[in-house]
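After this come two complexes, each holding subunit A, first together with subunit B and then together with subunit C.
Showing the complex of A and B:
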């Protein structure tokens, strides 16, 4: 192999690294490594001055490899790829070495140990860089149109946002009507705006816009193509049943949630007068004047929280549903407006009326609500009393473990959100599903609405339990992200994808079924043979197919078998 | 007293500190390992990490290679159930893990030198705990080169 020309830059990070790692010693130790033509330290590698220095080195020394040892690759990978690109070096011939988060900061107690480790890490970076080859991103043309799946409050708001930013929008709703859960709601927190009124306004805005096509009683049945030009089959039900095919650049999934349905007997569910939170909300919204149940006034209400949420280590719903504390407290306030003398008892494990919803919690207490705390292993019991009323028994953790009996006209089980059954859609879109059954984003903070499927975003409560405000906010985040993807008319896909060496491939067929994104398919015509080929625009770059290949014919760019082995050797070499 | 302490420090420096290779994932476990450093939580500096996109991309022969090159143990900081790419990532990783252990046994290397645990993006404390515990286990096993 030809000699490589690699530049190595080790960062002080203003002391964050050099206080715990002898960076000069690291540079001294690597400057004579094979293929290293320049090695320097810098006070701040990411500063304009050092970027310029790297730029000059690349140009003057003709570097064909770059190693930057500084912070975590999550921070400045794109910075240094940019420097490389500007200077004429392929950005994928650069390796970021993490000597801050994974070295100096983790070993502030051991300067010698940290320095040796930094040296090993830099050597591994050099070893990898030596084997990097230039990669060009796959460029795809993008269709300026987005498909929104689900016309609940998040989907409707996202559709309007997308249309107003200049994209064409197709909205597909499985139900006959738009609006999802919210269309049936009366006053919602905060500010008591009526859900049905909000949906009416949003639907009117959708219908006003010429660049939105809305299909109700319709479902997505198939997706083909790749990011930028997805071909989607939509089937409508009912009188005018038909299947149509549309081309879209991106897809926003806003399919919402289901409400937890308690088992018969769970906290007395099944006994007359024991209702779920959505059932109770419906009764409140429908009541004119004071609340009645079977013609009798409702004076005493007991709320049992966390039903179907936080179900311990073995339960199917281990998560907190987030919205339910605030929603139940809001319902209690709604009852007070109808009957200020109502007696309301809240039986909870932990109250989480987060943010400004704390004010509702305070108001409910000022209006007479009583809060009693139960332990997870000793939940309250609900039974029918002798007089025909309900009786709830709780051991109150806040008043010396006293057992308290609460007579009630209604018992409200404060039920949480559960993921909606969407197997067909998950199959068609290859949506990533998390442990909790909700859809997974790439990163909760940095890429909160993108999925690993390029061009497919998620928003609203299909991602995790959210209230209406949060759902709309994430819907608008999906709008921004879709616009960022589609408005330029072309998009670059990460070229660090898997590929098959046709010389090694025997067409054994093992890999074809292993890719859930259908990126691998057999192709005729390699020296008269059929071999496996991976479509770079469909491949997500996970590398899951590579170990499946018995011939080891598959490599993931940037993480090839040779590169990883070289890194291991670089790390293992004696320091001396 | 001060002299005694110095002596014991010097003795420690000569003590065996096992070399551990961690294989992490870019989006899930590597951020958790970063977080341990950001919080200045300490673990032995003989732990070094290589990050990959997904646990399912790991080849069993890489683990064998690491132990043959002088690492005393390999720790897979896996995606667990949180993988954003593959629904069956945990099953694939378990299969890889078993294959690697088998290959180690065939070479007379203790399969206890390979460990795997799911590390999430905020699992800083569990990660450092695993590193201390694994170091302890490997110290008891002794250097890989003696096997």
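Showing the complex of A and C:
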């Protein structure tokens, strides 16, 4: 076998790595390894200057393998693939070694151990790189059509955007009407435009466009095919129940959220006069003048914030729901427009009326709203008073820790957003669900609407709590991303996928069930035998099938049986 | 346990200028006060907006010790009309405590 020419770059990460890993020692230990022709450290490997240095090395030394030992491959795989590609090296002849998350950050108490581990990982990376071969991306033709699931404000706006950019759009809505939550809303912040009016406008625009097909009372029941040409089964309910099959190039998920439903007794929920934020909004939107509840006038309103949000380490909803502070403050302002003499008390843990919504917070105080702060471990309590009115008790952090009783005609539990139950859809689309139950993007900053499933984007509040503006903004981001994927008419897929050696395959069937993407199927006709075949466009390269094959007939490109063996040898070698 | 009385603020309010609720409890006023008045103005205003009358009545000396120098008002990030509010409070004491 010809000798390889491998370049190794070990990153300081400005101290993030080099404070706990002796990067110079790692470089010293590998610079004379077989096939390594250059090994260096860099303060920031991802910097333009070091990228240029790698570029020059590839060109001048004719490198045919690249090892970068820095941070997680989640962060910079595409950065260094790009460097390789620009310099004329096949981008798949590069290995990312993670010596930050796996070494320096994990072993801050053990500099020597962290350094040894880094060295072993780098050696494994070199071993893998030695056996890498150039790969070309799989090219697929794309269908110029997008499926939008969910016709709330984000889905509707996305559908219009997609249609106007020249793609065909199919919108599927589970409910009988479009508009989601917003269709029932009155004035919304900022600017107090009515939600129902916004939805009316969007629906009219959707109906004007000939390249949008809208199905209500309909659900996605199955997805097959692969990115560029997904085959989706849609089932409609009601009088004309039917199932139809469509071909789409990409899918945008905008299935929205559910509102947190407090348990009986949680902050007095269940007592007459204790309502959730959506219930309160409905009352406000319906009220002409001052507010009434069950025939009684409402003069004193107490709001309790963070109900169903920020539940601590044990709760299912540990996150801040983001929109609710602003929504509650806006509701308070809405009440003032109906009844300027209403008295409003806001019991909060932290006010987060971010950005320009801070102005609403200020306005509410100027109009007389009083804010009281409670501690996480001492939440306010709600009970029915002797006179039949409600009583809220709070230890107010802003009044010298004094316990205060607040009489109220209405207690509003400012409930947050929770992920919507969507198990069937998650199953059909293989959507990635985060620990909080919302759908996950690939990268919160750089790839905010794409998912790990190629061609499937997410937007709106199915991703995380968002207000209407943010939902629409993400919907339009999904439009751009879908258009970027489909407008070229072809797409390049990662070629690091698994394949079956038909000579070794015995059609035992173990791998079929292992694949989470349904990429493996039996095919007749290999020298008269039936064997397993993996569709390279559907395979995500997860590697789940390779280890279960009893014949070792499956190899994952980039992580072949031979490479894994070589990496283990690299890891296990004595550290001198 | 103090019981909030939301109507109390109407007894103290002398003019439309009275805006004790606009306070966001940052504490700049207390830190900057040349008299070192600990409870003025932030905490007393809270007693007013919450309707904790007993607590307000305990603060008579503080309310009348204020120089009305406006140093706090100039530096208030929430635009609270502190001196106007203190004047309202003095009127309240005149009526309530001194009966004039």
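Heads up, the rule we're going with is that the second predicted complex is superposed on the first by the 394 of 576 C-alpha atoms of A that agree within 3 Å, B and C clash if a C-alpha of one lies under 4 Å from a C-alpha of the other, contacts with A are read in each partner's own complex, and residues count from 1 in each chain.
Just so we're on the same page, contacts are C-beta pairs under 8 Å (C-beta built on N, C-alpha and C of every residue); 3 or more make two chains touch, one makes a residue touch a chain.
These numbers were taken from a predicted model, which means no experiment stands behind them.
Peer 1: Looking at the overlay, does A:399 come into contact with subunit B only (first), subunit C only (second), both, or neither?
Peer 2: Only subunit C; A:399 stays clear of subunit B.
Peer 1: Quick check on the superposed pair: does A:114 touch subunit B, subunit C, both, or neither? Answer first, second, both or neither.
Peer 2: first
Peer 1: For A:144, is the partner it touches subunit B (first), subunit C (second), both, or none of the two (neither)?
Peer 2: neither
Peer 1: Using the touch definition from the top, say if A:278 reaches subunit B (first), subunit C (second), both or neither.
Peer 2: In the superposition, A:278 contacts neither subunit B nor subunit C.
Peer 1: Have a look at where A:370 lands relative to subunit B and subunit C in the superposition and call it first, second, both or neither.
Peer 2: second
Peer 1: Which chain, subunit B or subunit C, is in touch with more residues of subunit A?
Peer 2: Per-residue touch count on subunit A favours B.
Peer 1: Need the overlap of the two footprints on subunit A, from subunit B and from subunit C, as residue ranges.
Peer 2: Shared contact residues on subunit A: none.
Peer 1: Considering only the defined contacts, which subunit C positions touch subunit A in the complex?
Peer 2: 1-4, 6-7, 9, 19, 21-25, 43, 46-47, 49-50, 52, 55, 78-79
Peer 1: For subunit A, which residues are in contact with subunit B within the complex?
Peer 2: Of all residues in subunit A, those touching subunit B are 72-74, 98, 100-110, 113-114, 116-117, 120-121, 124, 432-435, 440-444, 451-452, 496, 516, 540-544, 546-547, 552, 556, 559, 561, 564-565, 567-569, 571-572.
Peer 1: Residue numbers of subunit A touching subunit C in their complex, please.
Peer 2: 299-300, 343, 345, 362, 365-373, 393, 396, 398-400, 402-407
Peer 1: Which bits of subunit B are touching subunit A when the two form their complex?
Peer 2: On the subunit B side, the touching residues are 19, 21, 26-27, 30-31, 33-38, 40-46, 48-54, 56-60, 62, 65-66, 69-71, 80-87, 89, 92, 96, 121.
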